[in-house]
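This is the structure I have questions about; it appears just below.
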Amino acid sequence: MQQFLTTALTGLTLGMVYAAFALALVLIWRSTRIVNFAQAPMAMITTYVALALIDAGFSYWIGFAAALLSGLVLGAVIERVVIRPVEGKAHINAVILTLGLFIVIHALAAVIFGSRYRSFPAPFGLQGFQAGDVTIALTGFGIFTIVSVLVVMLLLVALFRYTDLGLMMRASAFNQEVARLLGVKVSRMLTLGWALAALVGSLSGLLIAGGSLVHPSYMDSVVVYGFVAAVLGGLDSPAGAVVGGFLLGVSLSFVSGYVGSELVALASLVILMLVLLLRPGGLFSHAAERRV
Amino acid sequence: MKRWTRKTTLVTSVVTVGALVAACGAGGSREEDSGDGGASDVGITESSIKIGAHFPLTGVAAPGYSEIPTGMEAYFDYVNANGGVHGRKIELVVRDDGYNPTNTSQVTNELVLKDEIFAMVGGLGTPTHAAVVDFLNAEKVPDLFVSSGSIQWGDAPEEKPYTFGWQPDYEIEGKIIGQYIAENMPDAKVGLFLQDDDLGVDSEKGVRQYLDDQIVAVERYTSGNTDVAPQIAALKAKGADLVLAFNTPSYTALSQLISMKLNYKPKWFYSNIGSDPMLVGSLLSKFSEGAVEGASPLDGVLTTEYIAGVDSPDDPWVQLWQKAWDEHGGKGELTNYRVYGMAKAYTFVQALMAAGPDPTRDGIVEAVEQMGPVPGPELAPFRFSEDSHMGISGMQVVELKGGASDPLTPVLVTDTGDAPIEEDNSGAADDAPPASGIPEVEPAG
Amino acid sequence: MSVATRVPAPLAKALGRISSSTLLRHLLFALFGLVIVILVLESTDQFRNAQFASMAYLGIAAGGLTVLTGLNGQLSLGHGAFMAIGAYTTALFFQDSEPPLPVVGVLIVATVVTLIVGAAVGVAAARLHGPYIAGATLALAVAVPGIALFFSDTLGGEQGLNVLVPDIPDWFANVVFFITANEVSTSKYIGYIGWLCLLATFVLLANLSRSRVGRVWRAVRDDEVAAEIAGINLGRARVLAFVVSAACAGLAGAVMAMAVRITAPSGFSLTLSLTLLTAVVLGGLGSLLGALIGAALLTFLPQVVTGVGHDAGLSDLQAAELAPLVYGLTMVLVILLAPAGIVGSIRGAWRRRKESA
C-alpha cells in the first residue's frame, strides 16, 4: 500500500513536469508545425543560467525568474534567426535543424558552464510528510511543481481563449495566409509562440532540476517523454499535452517502481507506438486523418 | 555516379592491377611495431618517464574523483622539483573517460598507442577499468595501483600479471564491516545498497560471510541513472534499519536526499569510496538551499579508513601532503581525494625507485612484487607478492562526527576468502615519511 | 580520341562491358578502393589503424542511414539502437577466446539478427510520417540500452560485455604478408575487417541505389500519391529500405564491438544516433561518398578541433566539447545554406558549370 502511494505520488509530480514540456512542444507545433527537439537543451541552458545566478549569491527566485526570462528570449531568437528560413519547407529539414541545435546548445552549455554534475536547490523543503503510519512521499517542492504547472496551463488557456492576442496566435496557426490578409502580423505571432513555448520548457527544466543533480544531459530523456506525452494527448491540443503528461508520468512511475527503472524508456516507446498505431491523432484529436 | 567512359574504366583497371602486382611481395622496410613486451624504452628517456591514467573528469562520478589526479600531479611535481627519480622527471598524462567504459577503451587506446606511456598508474573505476585490463595486459603495459577496490586487479596474477591493486578491496571492506556489525549490532536488520557491477558483487560477498542471516534487502542502482527512489523505497518497505551502501559520492548524496523525502532514517554505513563528509556535505547543502548544512547530515554514519585524512592535520603524512599541495598544488584546498592521489603517487615513486636506475616495464612489475614492507601513508601493509597483487590489507571502522572520523576499532587486517580478521601489528599505522618527503627505497632484487 | 583505336579488340570489348554494367563497374571501383585501403593501412601506425577502423564502422552505418533518409525520406534517429543490437550479438559470441563461429560467421549472424529486428521496427515505422518517425526512432534509441541493463545477467549490465577478438587466422596473416611483407597487428586486422565490410556494403548499396529498387524508393520519397497511383506498394518499399539500413547498422555495430573491445549501454547513447545523422547530413543525404566523407570528418575532425581549442587557451574539457559544437553548428549551417550537403553541393556546382560551359 505504501509503495503504491509513493509510486503514484512520484508519478504525479513527474507527470506534471512532462506535461509542461509537452505543452511547450505543442505550442510550437501549433504555431509552426515543427517538433522542436532542441527544447530539452534550451531548457537545460536556461537552468544553468539560473544556477550561475544562484552561485553568484542571488536567491532562488531571482534565478527562477532569470531562467524563465532567458527562455523567453532564447525561444524568440531561435525562431527568428534559425527556424524562419525552413518554415513551410520540407519537414525533414526542420527536424534535422532542431537536432543540430540540440547538439550545438548541448556543447555550448558544456563549454560555458562545464560538464560537472551540480546540485540544484529546491525551495519549500525536501522532506516528505508523515500521516500516522503512512509516509506521503510528497515534498513541498513536489506540491510547488504541481501547482505551478497547473497555473501556467490555466494562464495559457486564458490567453488563447479570452484575449485578442491569443486569437491572433490561433489564427496564424490555423491559416497563415488568411490571417495575414486580415491584418495579423503573422511572423510576430510565430515568434511569440516560440517564446512562450520556451518559457514553459524552462519551467519544466527548473522543476526537474530542483533537488536533483544538473548536468548538460539531464534533460535529454525528457525530450523523449515529453514527445510521447504530447503525442499521447494529440500534438494539436494543449489540454491533451497536460493529460498526456500526467498519464505518462504515472504509468512510467509504476513501471519504474514495480518492473525496473531500466525499462522505463522501453515502456514509453511501447506507449508511443500503441498510440500512433491505434489512434494516431492522440487522445484528444479532432483533425481528420490524411488517407490517400 | 558519373557515367564512366571506357577510358576511365581502362585507367582504373590498369592502376588497380598494376598496384596489386607491384605490391606482391613488396618488402615493407618498415618494422611493424608489434606489442612486444621487451620494448623497454617506451615512454622512458634519460630525463623523463611518462605515465598515464583514465579518470572521470566529467560525469556522475566526477564529484570527488576528478580531484585525485590533481593530487597525484602535485606530489609528482614535488618530487620533480627535488630532482626526480634517478634523474628522471615524472610526467602524468590524464584522460577523461566520464566513468563510461566505452570511453575508457578509447582513451586507453590513445594513452597506449598514441601517447606511448610507460605504465598506467591509478586508472579509476571498476566498470571502466574492467574494459581495458585485458588490453593492457596483452600489450604488456604495467597497470599499477588501479583506483578501485575490485578484487579482480590482484587475485589472479597468472591471468593479469601486469595489474596491481592499491586500496583495500571491497571484499575485505565488506568482511571487516560485516564482522563489526555482527559483533556490535547483532539484532540489526541489514539492507544493502549496491552499485550494479563488481563493486557491488565483491562487497556483497564480503558482507555475507558475517551477516548472511541479518540481511533483509538487497537493492542495486545503475551508475548514471540518478533516480534511486525505487531502491530506497524498497529498503524502507522491507524494514532495513541499517543500510550498508557501496557507491560513489553522488549516490551518497542522492540516497540521503531520497531518504529525507521518504522519511526513512536508518543507520547508514557508506563504503570508504563514497563517504567523504566535505564533498557529500557540499552536494547536500546545495540541494536544500543551505537548509541541510555542511557535514552534519552524515553525522553518525559509519565508514572505514585506511589512510589519514585532512581531519588529522597533525599526522606526519598529512603534513607532508599539505606542504606538497601548498608548493605545487593548483586551485582549491587539500581534500581527502587529493590525499588519496598523493598517497598513490608516493607508492608509485617507491616502486620506481625499487625498479632501479634503468627501469623496464617488466622490471617495474617485478620490483613491486618484491618490494616488501616499506613505510608509507597506508595504515596496513600491502599484500604484493608473486602470488598476489592485492593492495592494502586492512582498515579501521570509524564513525563520522562533525566532519571528522572517530575510530571505533583498531586497524584490522585480513585477506579475501576465508582469511580471518586480525589486529594489525606491523606498525604500518605508526610510521612517518622521511624528512625530505621523498621515499628512500633501494632497488629491489 | 577513341580508346578503341589504341587497344586490342577483345580488351576494348571487355572495357565496354565493364563501363556499361553497373555491377561490374561498382566491383572495379571496390577493387580500386581495396588497393587504397591496403596502402593506407600498411603505412600508418597502430593508433591510426584503430582510427581507420572507427571510420569504417561509422561509414557502414552512415551509408545505410543515408540510403534510408536520403533516398527513401524516412528520418531515423534510432540507428544507434540497431548498432547496439549488432554489437551485443557479436559480443555474446566473442566471450571465450575460442569462439564457436569464425569472424565472418559472427558478422553474418549479427547482421541477420539486426535485420529481423529492423523488419519489425520498419513495419511499425512505415505508417509514420515526418516528425512522428523521428520521435519514435528517438524513443527507440533511448530504450534499447535500457534493455541491456535489465537483462544484466546475460548482457553484462552497466559494465557491459568485454569482447575477446579471436586471434588473427594464419591464412589472413599469410595473404597480407604475401602482398605487403608486413605483420598484422590486432588493430590493423580490425581495420581490414572494417574496410572489407564497408566496401562490400557500399557495392551492395550502390547497386540497390541504381536499380529499380532505388528508383522505387526515390519515387516514394518524392510523391507518395503519384507512386501509389503508379502501382508501387508504399509499405513494402519503406520496410525494405528500413531493413537494408538496419542491417547495415547491425554490421557496423558488430565491427564496432570488435574495434572498441567492449559493448556497454553507455556506448550507445543518444549521441551516437545523432552523430550518425550529422555524418549523413554533412556529407549529403543520399550519397554514399557523402556518408564516407561524413564518417571521416567525425573520426578525424574532433582531434583537430580539440587541438585548435587547446591552442586558443581553452581547458582540456572545454576543448573536448568544441568538436560537437563545431559539427553541430556545421549541421545547422548546412541545412540553412546548403541542404544538399558537401557532395550534393559540389555535384550541383559541377553540373551548373558543365551546363553553362
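The first chain written gets the first letter, and so on, giving A, B and C; residue counts start at 1 in each chain.
Keep this in mind: a residue touches a chain if its C-beta (ideal position, glycine included) is under 8 Å from a C-beta of that chain, and two chains touch if they have at least 3 such contacts.
Just so we're clear, the structure is a prediction, and the values are computed from it rather than from any experiment.
In this structure, the chain pairs A-B and B-C differ in their number of contacting C-beta pairs, and the larger number is found at B-C. Summarising the inter-chain layout, the chain whose CA centre lies farthest from the centre of subunit A is B. Our note on geometry: subunit A versus subunit C, Cα centroid distance of 34 Å, whole angstroms. The geometric centre of subunit A is 40 Å away from that of subunit B, both derived from CA atoms. Once the centre of each chain is set as its mean CA position, subunit B and subunit C turn out to be 37 Å apart. Residue positions of subunit A touching 2 or more other chains: 115, 262. Multi-chain contact residues of subunit C, defined as those touching 2 or more other chains: 149, 317.
Annotation for subunit B: residues 58, 222 touch two or more other chains. Chain contact summary for the complex, subunit C toward subunit B: residues 3-4, 7, 12, 15-16, 18-19, 25, 28-29, 31-32, 35, 38-39, 42-43, 45-47, 50, 149, 152, 157-160, 162, 164, 178-185, 187, 206, 210, 260-262, 264, 266-267, 316-317, 320. Within the complex, the subunit A residues that touch subunit B are 2-3, 6-7, 10, 60, 115-123, 125-130, 135, 137, 139, 211-213, 215, 256-257, 261-262.
Interface residues of subunit B, counted against subunit A in their complex, comprise 58-60, 62-63, 66, 98, 222, 225-227, 229-230, 233-234, 237, 250, 253-254, 257, 260-264, 283-284, 286-289, 291. Taken together, the subunit A residues at the contact with subunit C in this complex read 34-35, 37, 82, 85-86, 91-93, 95-97, 99-104, 106-108, 110-111, 114-115, 220-221, 223-224, 227-228, 231, 260, 262-266, 268-269, 272-273, 276-277, 280, 292. Considering their complex, residues 1, 4-10, 12-13, 15-16, 19-20, 23-28, 30, 32-35, 57-58, 96, 100-103, 105-106, 109-110, 113-114, 126-127, 130-131, 134-135, 196-198, 222-224 of subunit B touch subunit C.
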